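What follows is a pair of complexes built around chain A, which joins chain B in one and chain C in the other.
The block that comes next holds the complex of A and B.
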């Protein structure tokens, strides 16, 4: 097998991991599988695209590529604003839809269905605004650097990998070392009990949405930078994200990242050994195997 | 009225009724049992492909066809869809409620991928053509042909409707609703909740497979792009609008939503220039999403709402003694001692 599989798999895996962390957090704290999560990813990417082209129109210098990378300062600046916008969108959807259903004590399945409706609406509106034609952050070509052993990666790829690693460590520290992290874990253990001992459950829910949306937005921008932007980019990631979240164990951040990498590597290996047309089946096969063999996931705890 | 208009009306209704069959299957899974299936397109596709493989004449470059009679194709299509539903249910129903949703989503993606890539069996992206159509001998007379087809599909819907109504009023159907409403209580009465759920899921999947087979034979041609996730959303919109838990609502919703869909598609192609049509069509899809959310928020019971059903024996007994039954379960107040 070509060692390049390792790089390709890690790149896709880092992206899946970031998305899956958002899925696993909303799942463990809001207690439903949010099918609209992947649309936050699409929204974040397109928001960054719109903002960075607006910045570029203001000052062409911002589009000038920064040293080894293919993009100018417009993209990181636009990315920061896009993260905020994606967070706002998540809070707005929660206020309009999920919050009301939660308030009414709707069943899990009604929430899942509502997330489906929300996903459909968001995706179609993005498609309406930006058309289904693929878009790109930059037209610059990049030369892949040799990394030894016949492996190559572009500077953009290495940057994304480093950024993903920093984010995962950051989220892990936030959950394990800070007060809000402790509250989040408490709510995911037992929402009613956490409320009784004085945890502000509504604040925890807001933080979860913001955190999940921010990670989704960054994953979306990374995917747009390394591949391309399409209105269906998030939808196509849905199965790998869920597979990674369940494989990692619902609620486990390190598990989601590890499982994301596993799914990414398995896909890259499949492309190499079986054929590129079967790549999208990998996530499904992994999902079925986890549900058969270890439904609680790699790092999750067994529960009812 | 011109012949074309009547023929088109029949065509429209026949299509709508094939969706009504899918809707009836979903109603058994979701409306009666509370099982969330997001892979409807997958089960429909399995039914369509299996039936097409069984009934098309033998061709050189792919497996089959076996040239079997159409009823056998319908039967094979629904049995294979039921089998797949059984396997998916077997895997996930004992786990968290929404794992079933994720797994069905995966099944639909996997079926789509197989249809696209397994060219020696499914014909790949080109699909399967020359699927025998019912009453093909009468195709020379478009009016008679479309009326006969409509009558056939309507008969299927009617039979299915009567069978399902009978089923939901049977002890089996009551157990399903008992599990949906209060699982611990049903368990305490000794009902194996997961086994009942699995049965309902498999039967519902089989009905979706039947819908796929009927539709494939009506159109005469199938391809992977007929079974995109969009189909799943359409059927969901139909059931939610019509009123889940209500078989008549499922049929009404299918005709209503298919009507709105066809009208808005005609409107889009009439008002927008060809370059903008795909874009305008995305608004059509956004509308379905908004409709699903709005119904969940504003009118969770749908247009018709759930039909409250009790055992027909109870109704007969009650009717003969002229006792009014309170439809809403009201607490009976005990007089103070």
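The block that comes next holds the complex of A and C.
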């Protein structure tokens, strides 16, 4: 097997992992599969694109690539604002849609269907605003650096991997070492009891939306940087994200990242060994196998 | 000069109506009052609404009408997470610990509402009351035995130094020896000044530690009296103990 599979798989996998962390956190606390999560990736990427173009128009120097990367300061700056905007979007969708359904004690299936509706709406709005033509953060070409053993990666790819690693560790520490992380784990286990011990459940839900949206936005920007931006970029990631979240074990942040890497590597290996047309089947097969063989996932706790 | 006014009851409900659905009251008009430092047990047959009453006071069941008061302050409308900040601690009947968190995390979670500077000291104080928990701080709460879980649930409630502690059937599923230990612990806490409201099915053991008992039947208070005399009261036998005796439990 061509060793480059490893790099390709890790790259895709890191992206899946970041997205899957958001899925797993919202799923474990809100208790429904939010199929609109992938649209937060798309929204984040396009928000960053619009903002970085605007910054570039203000000062062309901001578009000057920061060596050795392909993008200028406009992108990280725009990315920070995009993270905030994506968080606000998630809070708004929750206030308008999911929060109301929770208040009415709607069933899980209603929540899931509502998330499909939200996803469709967001996707159409993005397509309307930005057209379905692919877009790019930068037109700079990058030379892939040799990493030995016949493997190559661009500086952008290596940066994305490093950023993904830092974010996973950061979120893991947040969950395990801080008061808000403790509250999040408490709410995910038993919402009523969390309230009894003094946790403001509504605040925890807001924090989870912000966190999930921020990670989705960053994953979207990475995907836009390493591949391209399309209104369907998030939708196409839906299956691998959910496969990774469930394979990792709902609620487990390290599990989501580990599983994201597994899905990414499995896809890359399949493309290489079987054929590119089988790529999308991989996440589906993994999802079905996990649900049949180990529904609690790799690092998840068995549901009581 | 007039005499100092009597202190307000530690906990009181006024004409409380509460239930899970709007049109289905389970607690049907309860006036209930507990003095500062008192140890009151709430008795009553299965399904009488004991859990619903204490859950409504704790903020977990919607209150349809009436009010709840803590040390004279109206807490009817304060959301569940605020009650504990007012000094009301509640130990639910089931699922009263976080099984996926460690002992330390369960206690720290409760302490998180305290000022940072007091958290460690108050957790340590609770550890000194419960050496069994102190020796296993890192253990996952889900791996504890039934008795240890109840101890952890009580310990968690005590971290914030509540003025009123409400417990819903802490003896459920425990061996008589462990029940004795739990109740002795409650008695000691009461001696240290904490007002205690205990919901119990375990009538004999509860009446042995409580000052006063109230009996709840079909969502209404049917009888109350000093714990010491209550078990021999014929009305009680008819309302409650008789039914239990016929089931072959707590025969007396």
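Here, the second predicted complex is superposed on the first by the 303 of 304 C-alpha atoms of A that agree within 3 Å, B and C clash if a C-alpha of one lies under 4 Å from a C-alpha of the other, contacts with A are read in each partner's own complex, and residues count from 1 in each chain.
By our rule, contacts are C-beta pairs under 8 Å (C-beta built on N, C-alpha and C of every residue); 3 or more make two chains touch, one makes a residue touch a chain.
Predicted, not measured: the structure shown is a model, and the values here were computed from it.
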> So, A:292: does it touch chain B (first), chain C (second), both, or neither?
Replying inline: first
> Touching A:121 in the superposition: chain B (first), chain C (second), both, neither?
Replying inline: first
> After lining up the shared chain so the two structures overlap, which partner does A:131 touch, if you call chain B first and chain C second: first, second, both or neither?
Replying inline: first
> Once the shared chain is lined up, is A:89 touching chain B (first), chain C (second), both, or neither of them?
Replying inline: neither
>> Looking at A:32 after the superposition, I want to know if it touches chain B, chain C, both of them or none. Which is it: first, second, both, neither?
In response: first
>> With both complexes overlaid on chain A, does A:186 touch chain B (first), chain C (second), both or neither?
In response: second
>> A:198 in the overlay: touching chain B, chain C, both, or neither? Say first, second, both or neither.
In response: second
> Now for A:219: first (chain B), second (chain C), both, or neither, which partner does it touch?
Replying inline: neither
>> Of the two partners chain B and chain C, which one touches more residues belonging to chain A?
In response: B
> Which of the residues in chain A come into contact with chain C in the complex?
Replying inline: 179, 182-183, 185-186, 189-190, 192-193, 195-201, 301, 304
> If you look only at chain B, which of its residues touch chain A in the complex?
Replying inline: 34, 36, 38, 91-92, 95, 97-99, 101-103, 105-107, 109-110, 113, 116-117, 229, 233, 236, 278-280, 282-286, 288-293, 296-297, 300
> Can you name the residues of chain C that touch chain A in the complex?
Replying inline: 58-60, 79-81, 83-85, 90, 92, 95-101, 105, 108-110, 112-113, 156, 160
> What residues of chain A sit close enough to touch chain B in their complex?
Replying inline: 32-33, 35, 97, 100-101, 106-110, 112-114, 116-125, 127-128, 131-132, 231, 235, 238-239, 242-243, 246, 277-278, 280-281, 283-284, 287-288, 291-292, 295
